[in-house]
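My questions all concern the structure below.
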Amino acid sequence: MTAGVMIVAGALAGVGGAALGALLPQRLRVAGAASLIWVACALEAVAAIQVLATRQPVILHSAQLLPMTGVDIVLSPFGALFVLLVALVAAPASLHAVGYARHGLDTRTAAAALPLFVTSMLLVPQAGSVATFMVLWELMALFSLMLVLVDHARSEAARSAGAWYATLTHAGAAFILVAFLMLAAGSSGQTFAAVAHHASRLGPVVRGSAFVVALVGFGSKAGMVPFHVWLPKAHPEAPGPVSALMSGAMVALGVYGIVLMGYVLLGGGPGWWWLLALALGAVSALYGALHAASSTDLKRLLAYSTTDNVGLSIMALGVSGYLAATQHRLLAALALVAALVLLINHAAFKGALFLSAGSVQHATGTRDLDQLGGLLRRMPQSGAMFLIAAAATSALPPLNGFIGEWLLFQSLLHGSGAGSTAGDVAIPLAVSAMALTAGLTVVAFVKAAGVGFLGRPRSAAAEQAVEVAWSMRLGVGVLVGACVVLGVVPGAMLPAVEAAAQSALHGMPAAQLSSGLDLQLAGVRGALAPAEVAVALVVAFLAVAGLRRALARRPAPRLTEAWGCGRELQTARMQYTAASFAEPVQRVFDDVLRPVHDLDLSHPAESRYFIESATYHSTVGDVVERGLYVPVIRALRHWGRIARGLQPGSVHRYLGYGFGALVVILIAVAVLG
Amino acid sequence: MLTLLLAIPALCAVVYAVVPWRRALGWLGTAAAAAVLVLGVVVSVGAVNRPAVTGLSGVLRADALSAFMVVVIGVIAVLATWQSVRYLDHEIARGASTRRHASVYGLLVQGFLATMLLAVLAANLGVLWIAVEATTVVTTFLVGHRRTRTALEASWKYIVICSVGIALAFLGTVLVYLAALHSGVHGQNPLNWTTLVQESHRLNPGVMRLAFSLLVLGYGTKVGLAPMHSWLPDAHSQAPAPVSALMSGVLLSVAFYAVLRFKVIADGALGPDFARTLLVVVGLLSLVVAASLLLTQHDYKRMLAYSSMEHMGLIALGAAAGTPLAIAAVLLHILGHGLAKGVLFLASGEVLLTEGTSEIDRVPALLSRRPVLGGIFGFGLLALLGFPPFSLFVTELNMARAEFQVGLGWAAALSILCMAVIFAALVSHGRRLLLGRGEKEQRQSTARLVAIPLIGGLAGCVFIGISAWPLATLLSAAARIVAL
Amino acid sequence: MNASLLAGEALAAVVQVVALALGAPVLLGLMRKVRAHFEGRVGQPVVQPLRDLRKLFRKERMRPDQATWIFPAAPVVLVATVAVAGAISPLVTTRPALGGSADLFALVYLLLIGSTVLALAGMDSGTAFGGMGASRAVTIGALAEPALLVTILALSFGAHSSNLPAIVQATVLHPEILATPQRLFSLGALVVVVVAESGRLPVDNPATHLELTMIHEAMILEYAGPDLALVTVGEAMRLALLLGILVNVVAPWGVGAADSLPAIALGVVALAVKVTAAGVALAVFEVFTAKMRLFRLPELLAGAFMLGVLAVVSGLVVR
Amino acid sequence: MTGSFYASALEIAVSVVLLAAMVTLWRRSVRAIVRSLAVQGFGLATVAAVLGFHLGDPGLLVVAALVLGAKAVVIPYLLTRLVRVDPGSRETQPLVNVPASLVAAGALTFLAFAATRSVTAVVPSIAGRLIPVGLASMLVGFFAMFTRRKAVSQIVGLLLVDNGVALVAFLATSGVPLLVELGASLDVVLAVVVLQVLAVQLRTRLGAFDLDQLTELHD
């Protein structure tokens, strides 16, 4: 089978999956859909690997499909990497979905939408023309929207999230379309090849504005601040596997779009474009990390952490473009590799985390951290996998998150002092933003793991939780395995990433990073041997554990009531809650988070000097939402109410409009002659 | 053949006038519509390769553009007449309508079809005008068919505003005639479109400027373009659902067809910029008005009406670009919009029948309570919002592309902005209407007979969005006729 | 690479780890002694921490009934990560065995593993104090991170690499860069960060007995016996390691190549002297400082961050 | 027909059309307004007849007869029946008062002259000179439509617009082709019939012909 045939067959398998999802009896729907999702993922992934290996793009065209433009599929090595990324998340997520099915995924609509969502994501990076890209992009939005709304009958939050998501994703698509059309306006066709050819001859104003417009559009899909507000609403409301797909794969396609625009179509640009991206990425990373650190809803925390991680990737991309603009071509390739590695890693660990959160929700019925606790004892495997994935997200070596951050740091290190003053100022700031982000991420995930999985259960639901079905555990396990493997032997993914980066940066030298198991930066001094570190850690761990065993009088510890400074009875209510855990961070960043505190004191009737009960509530809203979106919505509503006066029901008024228009036309004609 | 095309609905109308109403007679209208559709396809096949087919001693003329419009009329008419049967059954059952009224309804709907067919088949621009004016006369009673106070109010506004508009269009037609007479066009009939197009470069530009402005304003009234759009939400919300579907789905487009025909002449006489400016202005104005009034809309039928206005504004912008690509997109958009809006109006009629109100807030959680109907409404809304795979996405994309290509990028960007606002508004209304928890015992199923054509309509809209191969040659032939 | 060199490097790494493990408790004892001296007490013997450890190892292991495997694993992980960090850092030699496999950045994250796992263990105990300590500890860690990484960036400039041996070697080869403002600023930032990371005054009071003011101690409140011993060793090693890196960045003399036993021995002696000096200085400083309020810590760490940024900027100017 | 007689006859007939339009703005009694519409229809028929005689075009004479029948007799008759349903109905409070309306009508006439300069330039005949009057009459009718409250007044306004357009058609092109003219007249008559039916229904529902009450449908 040639790659072209596989691409088409994969797409057809996805559509077939939708058919199975719609037609099979309820019990089998999700499993049927999932099985064809695997087929689709496998076919597309094999095609992608073939392209990455041969570095020859696959080009397909059909004039019959898609009126007036036809469909253009171009699978370049760069797109192939994203196909692999989507497949990496989609296959385990659909496995997880089989177990998760009872939670609303087994309706006809959802079971049909899931394979279509995956298929559209698999095809987006293969789109070879403006029309094809926009169709697939919007299909991806549509099917994910349907999946976000799965729970609409029960949850007002899901309805609201759906509305926000639909509106913002559409606005984003509108920006993207305008950006593409600005470039395509005078070109001979609407294929990306033609557009890229034409774009090189456009003036700097058009190119710059197209890039900025595209950055906004793709940034909103990538969850870039301040266009992220849909993300912390939609990701939590979607079913677990869907959030994993959205966060792990779909969001990465936003970054794909920025690279597509900046590198593939425009062929790079001046430094300010990229410093803008760097700044937005840094702001996103910080903002996301800060909100993740102060969230008390497990999936909302993960959603904000997505904004954080994608922000890091956009930072790396910004550095890459900036270095390319200052003629540091090898380093530019290195930074692009860093951006892509960050995305792949994010797909693995955030996919695993969202799937785990889905398992938790499946087992306990809640995502509120303050209702969880003690899950590691009750769901040992799921819990352990969550811990590993959380460690990977916190960039702890030797897991994959660390590799990405290391590459990002190296890019920033070697990018500082690249020549322009703006860059020299920006990059140290970016490093500190990245560092603070890293610290806050640790806070967020220690909180998530500590409050959610350790200690005593905080509710009956958590008390009674049991381990989830094997399919769900296996789904998470695959991704957690990927976190470990990619962390210990990053060399496994690097050839593919380098091929992809080189195809995006056509004409630039390849950043040869890998030599066997180590990372050796070409052209600069920098090396890391994660495998060695991993082995050293394991050896050290075994040695210390052995030492303890040898020295201790009795190897197994005695189980006792916790001491707690001498308190007799330890209850779950005495533990630190998620909110109290986040309180110090929240207080430090009061100005950014602007939490709303509510303290209700009730006094006994006899005296106001005693307090009968006290409830304290603190909520952290999204400042950007409150400051940027809500006023716009309010203004539009206001205008809508005013505009109703345009249509008061009076036939005289209506005729008056026409008369006015006629008079204007006559005057215009009189003046023009 | 063209005469036969007109004769079918006319004969059918006669049958309704003569034979007393019985239920089976309702399906006659559907059969007539289906026959129109079939003949439309036959004419289309013929018109693709030849410049034009004529009939009735030269009064009728069908080129690819006319043939395409006949197909559009036929498709929506099949849907609308199919649902008419149920509408009449229901009205008679609840005593709101008598058998005699049902006959009148059938007669008028067929008359409506006949006048629209005449409009798109007329060789003579005067006849075109007569046919468009006749649609107003015929549909007034259809708008007021429910004979409620509000229905009467709507029909009054409809006929008064449209008559004025159409009178302006007549003045415009007269001025074109004058320009033709005084530039030495003396052919067989100076109001014949083909003659005028051939001689358009010789027409007096001063007269043509005034004439075309009046024509855009006049026919624009019937298209529902601002500022003469005001009748539209009232009439569409008060008319019986099948009539709303026909009006919104095809009548507006038929009126726009007239604008397109005149645009070719104006372009010949004045160059492309004049018509372009005018259409961009009215198109954008319509979009802004539609967006503004959709923001706080509380009635789902009015919501659909304003959405029609939005789409007509988009079509006007597409026509302003005027390249073959733009015109092909405009025409496909007309078909796609007709299907989607027709389905939506019919579905909203079904909602109104069962829920008894057209207030959005009093019909919550439709998806949970009436999954099939809610699903149809939801998918229809997605189609209107321009999501793929519905054809409106492709056509909007290509219209925008064409606008960017001719330097109207700013207008396209503004229209995209308005569409984003409209999107937000429709999403918020659709959310209130469709989503949420419904009481279990309220769960109702939808009659299969009702659902089938609606699902079919949506499927058609998807089909032409994915692959318009049966239409591709027809579209490009039609686009060549009126494109720059 | 020839076998003897490899053996030498491996030996150096082992020596570094062992020196850390044995020297750290002694350093702790020394600092207490200095403090006692300034407070007019006699104080414990310098080797008292070692005796305490021996005693603790003989005691029974305990584990709260709610806790999971995290709780007993955490002390081991802490010690293991500090040990690995010790093995790859240029303490007695510029070329430790795994020196090429990790850089300063990796070192920071290795140390982060230990503190993270310890925080988790604090929460695992299911008590109020565990959560409190964990929350405070990770917050401080998060705030110290920017200052730390910016300082690393500044230090990496001179060597064009973030590889720690490379940085130390660059200083050995070009001692004149020590006098640059860049190095001075980085040094200031590094000192604050080391104090914060190792939980010393004014950030945290390791000798406190008041639960509500505890940070680190609150987190490990439930540990007893050998586990507590490991936590204590681990923390002491971390302090010693951070001080060792600090002194080697400031004064890299005596750090030799790993090719001969005498060189290693010289390195150990030099390290011991320098770290002792640094430890004494820190202890003296602690005598005259009070613990800061938790919510004034950001000011301190922001100050360190500013120093780091200044270091970077001056590095760019000099270049 | 001699040239000068043709010219003055045409001018008088055209003036009658415009004057009749103005009168509808001036009078308050609905009955009077309908009467002036009939007068205008007569004027219009006269214009067609004069042109027909002048050009020797029998088709135009047929049209003149047709116009006379439809616009001076049938339509006014239909409207009178409508008025009879509600006798004594007066346009007591137009949205724009009578003096202002008349001033506006004057201004509209100027506008009509200004806007049709290009048209009159193309048609350099006596009839061509008078084209602006048709447009003015149309504008006055349009003005009446959106300033007068009674249903009948609005219908009359619509007919004024129609007559104005017809006048332009006669003057500019000696009438559009017969087929079109027939169709157009039929449409107009039908429209008036529809409007009359609607007005009666409205009257039974609302109890009056006041159009201000038609504001139930709004946003």
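First chain written, first letter: the chains are A, B, C and D, and each begins at residue 1.
Criterion: a contact is a pair of C-beta atoms (placed from the backbone, for glycine too) under 8 Å apart; a residue touches a chain by one contact, two chains touch by 3 or more.
All values derive from a computational prediction rather than experimental measurement.
Asker: Consider the two chain pairs A-D and B-D; indicate the one with the greater count of contacting C-beta pairs.
Answerer: B-D
Asker: Rounded to a whole Å, what is the gap between the Cα centroids of subunit B and subunit C?
Answerer: Comparing mean C-alpha positions, subunit C is 77 Å from subunit B.
Asker: As a quick test, compute the distance in whole Å between the mean CA positions of subunit B and subunit D.
Answerer: Inter-chain centre distance comes to 31 Å.
Asker: How many angstrom between the C-alpha centroids of subunit D and subunit A?
Answerer: Roughly 68 Å separates the two chain centres.
Asker: If you average the Cα atoms of subunit A and of subunit B to get two centres, how far apart are those centres in Å?
Answerer: Each chain's C-alpha centroid was found; their separation is 43 Å.
Asker: Could you say which residues in subunit C touch two or more other chains, in rising order?
Answerer: Counting only residues that touch two or more other chains, subunit C contributes none.
Asker: Find every residue in subunit B that makes contact with two or more other chains and list them.
Answerer: Only 156-157, 160, 164, 168, 206, 209-210, 233-234, 293, 296 qualify.
Asker: Provide the list of subunit A residues touching at least two other chains, using ranges where the numbers run on.
Answerer: 643-644, 646-647, 649, 651, 653-655, 658, 662, 666, 669, 673
Asker: All pairs of touching chains, please: list them by chain label.
Answerer: Listed by label, chains in contact pair as A-B, A-C, A-D, B-D.
Asker: For a test of understanding, state which residues of subunit A touch subunit D in their complex under the given definition.
Answerer: Residue list for subunit A touching subunit D: 643-644, 646-656, 658-659, 662-663, 666-667, 669-670, 673.
Asker: Going by the contact rule at the top, pick out the subunit A residues touching subunit B in the complex.
Answerer: 64-69, 109, 130-131, 134-135, 138-139, 141-142, 149, 152-154, 156, 159, 162-163, 166-167, 170-171, 174, 177-178, 181-182, 184-186, 190, 636-637, 639-641, 643-644, 646-647, 649, 651, 653-655, 657-658, 660-662, 665-666, 668-669, 672-673
Asker: Help me check something: in the complex, which residues belonging to subunit D touch subunit B?
Answerer: 115-119, 121-123, 135, 138, 142, 145, 151, 154, 158, 161-162, 164-165, 168-169, 172-173, 176-177, 179-180, 183-184, 186-187, 190-191, 194-195, 198-199, 201-202, 205-206, 211, 214, 216-217, 219
Asker: Within their complex, state which residues of subunit B touch subunit D.
Answerer: Within the complex, subunit B touches subunit D at residues 59, 124, 126-127, 129-130, 133-134, 136-137, 140-141, 144, 147, 149-150, 152-157, 159-160, 163-164, 167-168, 170-171, 173-175, 177-179, 181-182, 189, 191, 204, 206-207, 209-210, 233-234, 237-238, 293, 296-297, 302.
Asker: Give the list of subunit B residues in touch with subunit A in this complex.
Answerer: 156-157, 160-161, 164-165, 168, 206, 209-210, 213-214, 217, 221, 226-228, 230-231, 233-234, 289, 292-296, 325, 328-329, 332, 365, 367-368, 375, 382, 385, 387-389, 391, 393-395, 397-398, 400-401, 404-405, 407, 409, 412-413, 416-417, 419-421, 423-425, 427-428, 431, 435-438, 464-469, 471-472, 475
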